[in-house]
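Quick one: the structure is below, and I'll ask about it shortly.
The first chain written gets the first letter, and so on, giving A, B, C, D, E and F; residue counts start at 1 in each chain.
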Amino acid sequence: MGCGVTGMTQTFRKKRLEIIVEEPILNRLTDALIAAKVTGYTILPTLGGYGSEGQWHRENALSRAGQMVTLVCILDESRVEAVLSAAYAIVSRQVGIVTLSDVEVVRPELF
Amino acid sequence: MADIFALAGQNLLSPVVLFFVLGLAAALAKSDLAIPEQVAKTIALYLMFAIGFKGGAGMAAHGLDARLVGALVSGIVLSSIIPVVAFTYLTAISRLPRVDVAAVAAHYGSISIVTFVAATEALKTLQMSSEGYMVAVAASMEAPAILVGLFLAKKAIDGDGPKNGPGQGVPFREILLNGSIVMLIGAFIIGWITGADGLAKIESFIVSPFQGVLCLFLLDMGIIAGRGLRQSGKVLTLPVVIFAMTMPVVGALIAAPFGWLVGLSAGGVALLCTLAASASYIAVPAAMRVALPEARPSIYLTLSLGVTFPFNLTVGIPLYNMIGTWVAG
Amino acid sequence: MADIFALAGQNLLSPVVLFFVLGLAAALAKSDLAIPEQVAKTIALYLMFAIGFKGGAGMAAHGLDARLVGALVSGIVLSSIIPVVAFTYLTAISRLPRVDVAAVAAHYGSISIVTFVAATEALKTLQMSSEGYMVAVAASMEAPAILVGLFLAKKAIDGDGPKNGPGQGVPFREILLNGSIVMLIGAFIIGWITGADGLAKIESFIVSPFQGVLCLFLLDMGIIAGRGLRQSGKVLTLPVVIFAMTMPVVGALIAAPFGWLVGLSAGGVALLCTLAASASYIAVPAAMRVALPEARPSIYLTLSLGVTFPFNLTVGIPLYNMIGTWVAG
Amino acid sequence: MADIFALAGQNLLSPVVLFFVLGLAAALAKSDLAIPEQVAKTIALYLMFAIGFKGGAGMAAHGLDARLVGALVSGIVLSSIIPVVAFTYLTAISRLPRVDVAAVAAHYGSISIVTFVAATEALKTLQMSSEGYMVAVAASMEAPAILVGLFLAKKAIDGDGPKNGPGQGVPFREILLNGSIVMLIGAFIIGWITGADGLAKIESFIVSPFQGVLCLFLLDMGIIAGRGLRQSGKVLTLPVVIFAMTMPVVGALIAAPFGWLVGLSAGGVALLCTLAASASYIAVPAAMRVALPEARPSIYLTLSLGVTFPFNLTVGIPLYNMIGTWVAG
Amino acid sequence: MGCGVTGMTQTFRKKRLEIIVEEPILNRLTDALIAAKVTGYTILPTLGGYGSEGQWHRENALSRAGQMVTLVCILDESRVEAVLSAAYAIVSRQVGIVTLSDVEVVRPELF
Amino acid sequence: MGCGVTGMTQTFRKKRLEIIVEEPILNRLTDALIAAKVTGYTILPTLGGYGSEGQWHRENALSRAGQMVTLVCILDESRVEAVLSAAYAIVSRQVGIVTLSDVEVVRPELF
C-alpha cells in the first residue's frame, strides 16, 4: 500500500477497477466481486458504444441483451489479483472491457 | 385467397401497422427519432398490464373454462416442439454454425407478446372474441423453448469445462420471474379477482387509450427493427430470410391442430397460432447472452425482430385469423 | 367491528391494493419487475397534479370555507405534536439510539401524500365527499415535523461543531419548495382559479385515468417496499413493528378531536386522521440525509414504507373512514 | 383594443398558461420541480403525434385543398425572409456581435411547434377551425431559416479554414430528419391515410387527454425558461428585450398578407402568423451548436424561450387570432 | 505542473478528482467546490452499487435519499489541497467515496 | 507498450482517453475516432456540470443543444497521437474536456 502527501492531507494509493460489461451478466459479476470480498462498487449507466460488432445505442435495445453498464470498484492492491481473476472468469466468454488504474484515497480503511 | 389479401390490406392500413412502418422508415433514413428507453420499457409494462388485466376480467366474466388446462399444456408442448422443428429446418437450409442455429430455434419456440397484443387488437376489429386465459398460455410458452434451445446447443460446444458450458448457469429464476411475465400474470390474476368492477375502475386507463399507446410502441419497435437491419442486414442471406418468413407459418400450422383438439374458439385458435408463429426478441435474447454468449445477437435478433415480426404484423396475423376461422369457425 | 372488517375486506380487494401486493410479492420473489425511475417520478408528479387540481376546483365550487384556517392550523399543530408523541413512545418500547428515534419521529409527524391519495379514492368509492382544501392541509403538515424531529435529535449528538450539528444546515428552502409540494399547491391554486371550466378541459387527463395510474404507482411502491424489506428486514424487531402498526392509530386518534373542533365533514375528518396516521418516505428521508446523516435510512424507511404504509393502505384507511363517520357523520 | 385585452385575459387564465407560469415561478424560486428528461422528450413526441395525426385526419375529411401548395410556398418564403428582417432589426438596435445576431435571426425565422400547438388549442376554445395542412406548413418552416442564418453569419467569421467555417459541416440530414419533424410529418401522413376511422381508434389517446398533457409540458417549459432566465438573465439588456417582444409582431405582420393572398381561413391566417411570430428553441439551437458554435446559447435561448415564447403564449396568440379574423374573417 | 509529450502533441499533467456521493448533499458539495475555485466539474448518474449497507439500485428509491451520483473534476495540482479539504468537510459525515488520480490534458489553461 | 504483473495475472499498459463533449457534435466525434481506427469506445450519460458558462442540468435542456456526454476510449499508446489530434480537431471549436491517463488491461489484443 503506497502512500503520498498532497499538501497537508495524507493520501493512500489504491487501485481503481473499471469494467464495461453486458447488463445480462451484471448480477453474476457483482456476485463474484462480493464473493471476492470487495468492500464496495458503483455501477454507472452507459448510453452506447462501438466495438468489434459495430455501434450500438441504448435506445435501440428492447431487451437488456444489448445494454452495457460500467462498474467502478476501488480496492486495495492486495485484493487486485483475487478480484481480477474472479471478474475475468465471468467476462471472458462475454463482451467486457476490464481496466485497472492507480488512484489515491483519503480514507484507506474503507477499501 | 382474396379474403387473405383483403384482410391483410385492411390490416396494413391500420394506424398500428403504419406507425411500425414509420419507425422502420425513420430508422433506415437515419433519423434520430426514438422513444426514450425508460418510457419504452414502461409502455411495454403497460401493454402487459392492460392485456393481462383484460384477460383476467374476461375469465371472471365467462367462468373458469375446463379447456384452460388443455390450452396451457398445448402451449408448453408447442414451445418445446417448435425449437426442434426450427433447428432441423434452419440446419437444413443454411450453413450457420450450430450454436447460432440453436439460439435462433429457442427464439422461434418462445413468443413475442407484442405480436400477441397486435393479434388481439386485430380480432377486436373483426369482432371475434377469444378466451381470456390465452394470456396465461402466452406466459407458459416463454421458458420451455429456452431450455430446449440450450439442450440443442449443448452438443455444439465441447471441451468447455462444466462451469461454462451452455445451459450451465442458465438464469432460470430470471427467466421465469422476468418483469414482463410477472406483470402479465399478476395483472391477469388481479383482473380475475376484481372482475367487471375492477375493470370499470381502470377502464379509461387500460382500454380507451390502448390503441394509441400501441401505436407509439410499434413506432419504437419499427425504429429498433430498422436500426438493427441497417446494422446487421448483411446477415440476411437468402436461406435465412426464407426461414424467417416461412417458419412462422410452419409454427402456426403445427399449433392449429392443438387448438382444434383443445376446442378453442376461432379467436383462441388464431391467438394460439400467432403465439406459435411469433419469435421472442426480449426475454430470450437476454437469456442467451448469459447462457449461450457464443451465439450472435446480430443473427437471432435480425431474424426475429427484423423479419419475422414485420411478417407477422402485416401478413401473418390476418392469415392466422383465417386459420382460426377455418379450424373452429 | 364487523363493519370495519367488511370495509377492510372490500378495500383489500380493490385493484389499487392488489397491485401494491403484486409489487411486494414480485420484489420478495426477486423478480426484476420495476417501473423505471423517471417514469415513477413523473407518476408521482401526476398524482400531485391531479389531486391538487381537483382539490382546488372543489374549493372553487363550494366557495371559500371559513374552516380552512382552522384546518390548516390543526395540520401544523398535529405535525408538531405527533413527533413528540412518537419519540416518547418509541423511546419507551425500543432500544434504538436516540438519533434514530428522532428521525423516525420526524417521519411519523410528516405525511405520506400517496396514502392521502388512496384515502381520497376510498372515500369516492363510499360516496363520501370531503373538503377540497384538505390538499392544502396535507402540504402544511410536511415541514413542521422535520424541525421538531431535528430539535429532538439535537441533544442526542454532542461535541459536534456548530457547523455539523443536526438541524444546522437543514435545507429549509429545499424542504418547503420540493417539487411535490410545489406541484400540489400550484395545481391546487390553478384548479381554484380556473374552477369547473378548467377541470372540464383536463378532466380526461386527471380524472378518468387516475385509478389506473394509481395502480401502476402502487405497484412500484410495493416493489420498493418489498426490496427494502428484503434488504433491511432484520431491523424489524418486535417492538419497532408494534410501534409501526400502532403509531398510525395513535396519530389518527390525536387528529380526530381536531377535525371535530374545526367542524370538518366526515370525509374531511377521515382525511385528517389519514394524514396524521401516515408517515413520510419521500421528503423527510431526503431532508434527514442532509441534516441528520447519522440516522439510519434502513430503520426509518423500513418502518414508514415497509410497515406503516401497507398497514394504512389495507387496515388503516377503512378504520379512519369509520372514525370520520363516528366523529362527524 | 378592448377585445384584445378580453381575449388575452381569457387566455391568461387558461390552465395551459397558468401551468407555464407555475413552472416559471417554481424555477425562479429555485424549487427542484422538474419533469424528468426522458418523459419530457416523450411528451414532446406525443404532441407532434397528436397534432400531426389530427391535421392529417382533417385533410382526409376536407379533401385536398388547392391552397396547400400556396401555403407551403408561403411558409418557406417567410422562413427565408424573416431571418433577414430580424438580422437587420437586431443589428440596428443592439451591439451584439454579428455572429450572435445571425444565430438569433435563424431562431426567429424558424418556428416553435409548441407555440403552434397552443395556438391551435386557443382556436378550438374560440370555435375557429383551421386547415389541417398547417401542420405541414409548420414543418416546412423549420429548416430554411437555419440556412439563411448561417449565410448571414458567414461574413462575420473570416480567416477560418474551409473545414471549420460556419455553414460548413452543417448537419442537413439531421435538421431535416430530426425526430420531431419525422414524427409530425409521419403522423400527419398516417392521419391522412387512415382518416376518420383511424382517428376514432386512437381518439382517446390523442384527443381527450391532450390539454392535460399540454399543461404538463408547459409546466416543464416554464421551468426551463425560468432556470434559463435565472442563469442568463444578465444578457437581457433593454434593446434585446424590445427586440424579443416586438419581433414576433413584426413576423406576424409580414405573414398576414401571405395568408390573405393564399386565401386561408381566419384560423389558418392566425396559425401562419403564429408560426412566423414564434422562435425555435429545440431544433435550431442544436443545429447552431454544430454549425456555429461561436454564437452564444445564453443569448439566443434566453431571447426565444425566455422572452418570445411567454410573450406569444400570453399576448401574442390572442393578437394573431384577431389578425386572422381581420384578414380573413 | 508536470508535462509530457505524446508524439507531437504536448500534454500537461493535472489531477482527476472523482467523488461518489449521495444526491441530497450534491448541492452542498458543488457549492463547496465552486467556493474552492474549481474551474469546472461534471456529474454522472449512477445506477446502483454496493457498500457497507449492502446493495442498492436506483429504481428502488422513491426519494432522492437513496441515490448516488458521481462527480468528476479535473483540476490543477495547486488546487488539490484546498479542493480536497473542502470536499472532505462535506462528505465526511455522509456516504462518499473520494479518489484522486493523474491525468494529462492538452489545454492546461482550462483548469 | 509497457507491461506489469499484478500477482499472477499479467497486465499491459494502455491509455484511457476521456472526452466530455456536447451531444450535438458527438456523431462527428465518433466518426473521427472510428476514422482514426480506435478499436472501440463507450459513451456515458452526464447529468449536469459547471464550467465557464456556469451550471447546467440535464433536465433544463429541451434540445440536445445543452447536453453533454462522456466518451471513454481505451487505446494503445501507438494510437494516442493520431486519435488525440482527430478528437482535438472536432472539439477545439466546441466545449469539450479531453483527458488522458494510464491504465492496465488483461487482454492487450483488444485495443
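We take it that a contact is a pair of C-beta atoms (placed from the backbone, for glycine too) under 8 Å apart; a residue touches a chain by one contact, two chains touch by 3 or more.
Since the structure is predicted, the reported quantities are computational estimates derived from the model, not experimental observations.
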- [ ] Work out which chains are contact partners of both chain A and chain C.
- [x] B, E
TODO: Consider the two chain pairs C-E and E-F; indicate the one with the greater count of contacting C-beta pairs.
DONE: E-F
TODO: Report the chain whose mean Cα position is at the greatest distance from that of chain A.
DONE: D
Task: Chain of greatest Cα-centre distance to chain B - done: E
TODO: Round to the nearest whole Å and give the separation of the Cα centres of chain A and chain F.
DONE: 17
Task: Distance from the mean Cα position of chain F to that of chain B, given in whole angstrom - done: 39
TODO: Could you tell me the distance, in whole angstrom, between the mean C-alpha positions of chain A and chain D?
DONE: 46
Task: Multi-chain contact sites of chain F, meaning residues that touch two or more partners - done: 44-45, 55, 101-102
- [ ] List, in ascending order, every residue of chain D touching at least 2 other chains.
- [x] 34-39, 174, 204, 208-209
Task: Every chain pair in contact, whichever chains are involved - done: A-B, A-E, A-F, B-C, B-D, C-D, C-E, D-F, E-F
TODO: Within their complex, state which residues of chain C touch chain E.
DONE: 34-37, 40, 44, 164, 169, 171, 174, 221, 223-224, 227-228, 231, 281-283, 285-290, 293-294, 297-298, 301, 305
TODO: State the interface residues of chain A toward chain F in the complex, per the touch definition above.
DONE: 18, 20, 44-52, 55, 68, 70, 80-82, 84-85, 88, 97-102
Open item on the list: Can you tell me which positions in chain F touch chain A when the two form their complex?
Closed with: 6-9, 11, 14, 16, 30, 33-34, 38-45, 69, 72, 74, 101-107, 110
Task: Complex contact set, residues of chain D against chain C - done: 13-15, 18-19, 22, 25-26, 29-39, 204, 208-213, 215-216
Task: chain B contact footprint on chain D (complex, rising order) - done: 37-39, 41-42, 45-46, 49, 53, 173-174, 177-179, 182-183, 186-187, 189-190, 193-194, 198, 201-202, 204-206, 208-209
